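Multiple structures follow.
Okay, so chain A shows up in both of these, paired with chain B first and chain C after.
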Partner chain A sequence: MLRKENKVIEDVSAKFKIAGNVQRERRVWVTIDKDNLVALCSFLKGLGFEHLSAISVTDWPQEGTFELTYHLWSYSEKILLTVKTKLDRANPCVDSVISVWRENAQIHERELHELFGVKFEGNGDLTPLFLEGWDGPPPFRKDFNWREYARQQHYDKSNERERAYYD
Partner chain B sequence: MVEQATKMKRLINAIWIFNWFNSCGFTELVPVVGSRWDMERFGMVITGTPRHADVLFIAGYQTLKSIRRAQVIYEQMPDPKAVIAMGACTMSGGMYWDSYNTVKRLEDYIPVTIYIPGCPPRPEAVFEACMKIFHHVGAVPPHGKKFAKAHSG
Partner chain C sequence: MNEKELITIEHIEPIMPEDTDYNFYFGPAHSGSGNFGVKLRLEGEMVKSARADPGYLHRGFEKLMEYRVPMQNAVLSDRICVFEALNWNLVHAEAVDELTGVEVPQRARYIRVLMAELSRLQSHLIWYGVMSLGLGFDTGFKVAFGYRDYILDLFELITGGRVYPAGYICPGGVRRDLPDGSENKIRRVLDQIEEMTHKMQDFDNIAFSKRMKGVGILKTEDAIRLGATGPVLRACGVKTDVRKDDPYEIYNELDFDIPVREEGDAYARYLIMGSEMEESIKIIKQVLERIPKGKVREPAKITPPSRVKLPEGEVYVRNEIARGEGCAYMRSVGGKEPYRVKIRGPDFLHMIPVLEHLLKGVQIADIPAIYWSLNICPADMDR
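Moving on to the complex of A and B:
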């Protein structure tokens, strides 16, 4: 049981001196600091994790960090591997994994740059994906008060029909 | 008045519709299209291009991005033309009233002829609105009407 899952963690910890844990069958988590992220990703792709399923950002305003989560899938081992790393929220900068997964990574990084303002160094096209003419803060950050933003941008308090939106 | 009568006649013969539906929009019109209420018995046809359409149906919440495409579609429609906005989200943002990127006042962006409230509106309300277009046809904006908030591309 869990032989191939433990093998992945052994391989990773032998090279990067980091711990990982097996969540359950076919689910593995690994945490790494952001400076070694690209090296780890490159190593994992060599192990067979060819598909970058998704990248996501979790915002932790109290901690002052963004947590990046990379979901990798191996077609040969049938393992979903989760790589986690933390960034400084005040200066969210991380090396792009475009050198590892190419276009597969490009669109995910572009989206996260738009929605959280995370800067992916090495990604050449971080132009907005969904929003047009947006001048507010990155909208998915937890400290973005979208209700107050909508009131200021879209409503008129002196308008009888819209006064209820300010109550 | 002669001009208005001509407009009315053209609309009364058959309302050709172009749909601009976001999110759940089309499911609101589906009963009208289907066999139970069957809008085609009134000559209402959904066209494949805005250049053939008399009426633009808008439903579902409109985003700041999609409304610009709706404006382009509206401009492509030949005169006389009317816009019918269906449903709560289209009118006021609905449950997305406090979202940062939905349209709250549709009339700022596109000249709306008639709003149909409801979530979704009853098919009878849709037919009633279509009948009322004929009474309001004089209110259909003339050619070249500028949008209050224009698209830039």
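Moving on to the complex of A and C:
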């Protein structure tokens, strides 16, 4: 049981001196510092993790960090491996992985740049994807007060019917 | 990394007087295309470059879910994709179940698979319908939507909603048991859908296949690089299916095949659709034969949502939905609401990198065949 999952962790820790854990069958998690991220990703692609399923950002304002998670699937090994890395929230810069997963990574990074304001160095096209004419802060950050934003943009305090939104 | 390695997609350039190139807008007015547009740069009749223009359906579900408890999110998850609300219900419910560690009753698992496969069938009928419409075969559109209505009647009977089931597949199981006599009704509807698959083969005439054969060819290595999944990837010769490779619910107990084609063109994707419908019918028949008795939800007694807390942890759930790989990453810090939800829809990749890649260098007349053969849904791309 979990033989191939442990094998992946062994391979990774032999090369990068990092620990990982097996959550359950077919689910493996590893954490790495951001400087070695691209090296780890290209190593993993060589192991068969050809499919970048998704990239996600979790915002931790109290800690002052952003946590990036890269979810990779291997068609040959049938394992989902998640790579986690942390960035400084004040200066959220990370090397892009488009050299590894090309257009697939490009579009995920473009989305996260728009919604979280994370800068992916080396990605040539980070133009906004969904929001048009947006001038506020990146909207998916935890400290973005969307209720207040909606009140200011869409409701009029002097209008009797909309005053309830201010109480 | 040097400049050459950067991937940049050219912006649509302004029209110059001496230029014969011009800009062409496909969408975003909803003419069956969905609320989505593609900006094309044309030279004569040939597409030089294409740039997707998403965002018309961006509703910010990931953010909305951070402010709601799982039972509310179950209802919200309907709306991620109009065409397969029940499949997205299942993705959400599985993420919560894995976090809470609840043992979902066996009968509920069977009902979940039954509903997910019915949802796949009606989604493929929509696919067939809009594809026929795009190719100018209006009869196919009307017939397919007519047959889809039989499945919607079943949804109304079982969930109460025709298109949106209002979170029927909820954390812990399903909201309520199948009503009396529904199994016979499902069998009758399956016969009708089987009739439709025969009709699809009869409709497959020269006019239909000539428009699609050899059009929009996606090579295997391109498909993997661009992040294609589901039927689009299987039409390029990759035998993969989340239901087999990363089984969830009761799929590992069921007997079904993964249809694969080697050609990678629009016609191959269309043939995959037909075969997948037959496989879904097979799955539903097995589910109806084996469905056990018992309760359909754990815990059966409803606790007020304000008292339920999500245990700390993080999960990544993968499902095979009709369009490809539907995933959710859910992170909880022990509060009532999830701390972060990331939804990964298959069309985010199919409609931006894959579509832009396939449209490059084709004739205007081939755009509809390529566009609709990808089984697109702007709703799960924008989220």
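Quick note on the criterion: the second predicted complex is superposed on the first by the 167 of 167 C-alpha atoms of A that agree within 3 Å, B and C clash if a C-alpha of one lies under 4 Å from a C-alpha of the other, contacts with A are read in each partner's own complex, and residues count from 1 in each chain.
We take it that contacts are C-beta pairs under 8 Å (C-beta built on N, C-alpha and C of every residue); 3 or more make two chains touch, one makes a residue touch a chain.
The structure presented is a predicted model; accordingly, all values stated were derived computationally and were not measured.
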Which superposed partner A:Q106 touches (first chain B, second chain C, both, neither): second
As a test of reading the superposition: which chain, chain B or chain C, is in touch with more residues of chain A? C
I'd like to know which partner A:A54 touches here: chain B for first, chain C for second, both or neither. second
Touching A:W146, do we find chain B (first), chain C (second), both, or neither? both
So, does A:T82 touch the first partner chain B, the second partner chain C, both, or neither? second
Report for A:F130: first if it touches chain B alone, second if chain C alone, otherwise both or neither. both
Looking at the overlay, what does A:H154 touch: chain B (first), chain C (second), both, or neither? first
So the chain A residues that chain B and chain C both touch are 130-132, 139, 146
Footprint of chain B on chain A - complex, ascending: 130-134, 136, 139, 144, 146-147, 149-151, 153-155, 162, 165
Which stretch or stretches of chain A touch chain C in the complex? 23, 26-27, 50-54, 56, 58-59, 69, 71, 73, 75, 78, 80, 82, 96, 98-99, 101-104, 106-107, 111, 122-125, 129-132, 139-140, 146
Taking the complex as given, what residues does chain C use to touch chain A? 1, 5-9, 54-55, 58, 60, 62-63, 224-227, 229, 238, 240, 245-246, 315-316, 318, 325, 327, 329, 331, 339-340, 342, 344, 348-349, 352-353, 357, 382
Sort out for me which residues of chain B touch chain A in the complex. 64-65, 68, 93, 97-101, 104-105, 152
